[in-house]
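Chain IDs A, B, C, D, E and F follow the sequence of writing; residue 1 opens each chain.
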Amino acid sequence: MYSLTVSDHAMIAHSLPDDFFGPAAGLHGATLTVEATFEREQLDEHAVVMDIGRASALLDEALSGIRYRNLDDHPDFAGRLSTSEAIAAHLAERIAAGIPDWHSFAALTVTVVENPRARVSCRLTP
Amino acid sequence: MYSLTVSDHAMIAHSLPDDFFGPAAGLHGATLTVEATFEREQLDEHAVVMDIGRASALLDEALSGIRYRNLDDHPDFAGRLSTSEAIAAHLAERIAAGIPDWHSFAALTVTVVENPRARVSCRLTP
Amino acid sequence: MYSLTVSDHAMIAHSLPDDFFGPAAGLHGATLTVEATFEREQLDEHAVVMDIGRASALLDEALSGIRYRNLDDHPDFAGRLSTSEAIAAHLAERIAAGIPDWHSFAALTVTVVENPRARVSCRLTP
Amino acid sequence: MYSLTVSDHAMIAHSLPDDFFGPAAGLHGATLTVEATFEREQLDEHAVVMDIGRASALLDEALSGIRYRNLDDHPDFAGRLSTSEAIAAHLAERIAAGIPDWHSFAALTVTVVENPRARVSCRLTP
Amino acid sequence: MYSLTVSDHAMIAHSLPDDFFGPAAGLHGATLTVEATFEREQLDEHAVVMDIGRASALLDEALSGIRYRNLDDHPDFAGRLSTSEAIAAHLAERIAAGIPDWHSFAALTVTVVENPRARVSCRLTP
Amino acid sequence: MYSLTVSDHAMIAHSLPDDFFGPAAGLHGATLTVEATFEREQLDEHAVVMDIGRASALLDEALSGIRYRNLDDHPDFAGRLSTSEAIAAHLAERIAAGIPDWHSFAALTVTVVENPRARVSCRLTP
């Protein structure tokens, strides 16, 4: 099994309007450092999991939808909480949707580092 | 599949009284940077794997038992070697024991970084 | 010359309402990873620059004023831009003000990491 | 399940003579930061996955074959592309071949960090 | 005093044809992770040391001259060794030359990380 | 001005027998990740601050005196506290003493990272 991981980041604002989140219930923000890991059983004809440039473009394209946005006003998070886990799932779905040969991959994992001491991930399989 | 990882650290002293460990057989110590990764198939009703504060408290509680301790005198390591692997297993068991709905998790992994070039992990499933 | 550096983080929202900042002009946010470096010519009577716990408390106290806040509504940034540089200066001044023997230090530097590829610092001398 | 990860690095030159790789088609080089992760269901009689010194020696031995080399002239990459993925597989096979009790391991993963924003891995099972 | 640091990387090939460098005398390569730190006594009218985008563009422009190149064939290193220190000086000079108001800065430091255990820097003042 | 930084680590045990240090007063230990930064106005005849191998050997030699030791029993710390600052000064003095042309350097800084959130440094000049 092989994997390729690329990383990038996005800065967003949001609130988590539920008492469960304590001080994070109010409007605040985050620098989200995001990794996308693509897994495949075999390498392709160029001896890679995927072209790094293509992988980076897929991640950048997914991040462009949330970069410098207030997720409280983002249609994809309307009526639901934009937790780091929900953001990771949102990004993973966008990236997977952009891969024509997604069925040839074993898995895609998006990891979101929200602060130096906490990160989350969402793993999708075709 | 989703995961949440939180991190913290503890400073301990111990010896590894077996010639197998060479210079580490004598009394020395370590800063253990510890990560706990909680995995779940689905997010909970707040769209998270677990509250980050609760996860951090579980890790801190487990670390409090070894922090600033000489593990050679620690009852939980009496009669056995306190290798990083054994410490990781010890912490994983303590954390799992503190999760009332542990059966609803897919796995718990504790990673112990003992120096910049070596780390170990122990993965438990319910 | 000796130094002690402690680190922590805070999550904030803000906007930078000036076309100069491009997409960052709108409301967004950041995880600010912050380091405070205390410098002294000589160690104190306990052979340290400063107690780590005290240094960490000084940094935490300074960060508590901005943590989970929208800096657009923060009185200390009224009428001025809350750039990372301005935040670093704000934190440095708060920390220095909390050190009774500040005159005995050589310098205090606050470094703010705003994303994995950019950071700023502000250095104060008594 | 337990794991042990050790890390090291090697500096190499190579080209990737295929238009697919754009500017990387010409002769260039890389600092490859390499991690080897050894996994085992149970710890051995010394309460470790493997002696850290032995694991580090296995990784160093594998890296010694490519360190300060131009992989375009390396017999093991004759007639094929020395992508980071191919290097990871090459190292994993060399390391596995050096473990007499390889059948007692669950897996071996070699991760190659080729730059701060991209890494690959190859995972072998006995 | 304020500073802004931005980072990027470049992959290069080169040799260091002097016995002094041991195995690095032959053709090899490196991933150079490069930081540029700009220092100024006061912030500008936008409350920043320099626009991050402009700083990143200056660094990228300097790196574009060596990226994916064999420095043995690079005119700027003809007749001299392309050590990491020499590369840092080369990049610092290129960046400084691209700053119209360079005289208003206190210093510029370029740091080159050549492997996980070694880095060099070159600091210029106007 | 040029600098070269090399890094390594050592694991030690010690106590800090003064109520000032709270729980760290008892016997515990640390993984000390140590950086040595050598500064020089000009590069030498090989276009480097110092040979990396020589710099690494100087750091390793200094660390060998404390590696896997209980500093409570170490003659160099007899009658004084082995704080991270004192260890940094001790290492800096040992390294400087091992450089025949120490007068040709501008400074030497030893940084000791004692945990992920705290580090200290000691800077010497000839």
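Following the convention adopted for this analysis, a contact is a pair of C-beta atoms (placed from the backbone, for glycine too) under 8 Å apart; a residue touches a chain by one contact, two chains touch by 3 or more.
Which chain is which protein? Per UniProt: A, B, C, D, E, F = 6-carboxy-5,6,7,8-tetrahydropterin synthase.
Everything quoted here is computed from the prediction, not taken from an experiment.
Counting steps between touching chains, the shortest path from chain B to chain E takes 2.
Contacts with chain A and chain D are shared by B. Residue contact pairs shared with A-B exceed half only for one pair among A-D, B-F or D-E, and that pair is A-D.
Greatest Cα centroid separation from chain C: this falls to D. Taking each chain's centre as the mean of its C-alpha atoms, chain C lies 27 Å from chain F. The geometric centre of chain A is 32 Å away from that of chain E, both derived from CA atoms. For chain A, the set of residues that touch two or more other chains comprises 7, 116-117. Remark: the chains found to touch one another pair up as A-B, A-C, A-D, B-D, B-F, C-E, C-F, D-E, E-F. Listed in rising order, the residues of chain F touching chain C in the complex are 18, 20-22, 80-81, 83-86, 88-89, 117-123.
The touching residues of chain D, when paired with chain B in their complex, are 1-8, 43, 46-49, 51-53, 55-56. Per the touch definition, chain C reaches chain A in the complex via residues 7, 9, 11-14, 23-24, 26-33, 67-70, 114-117.
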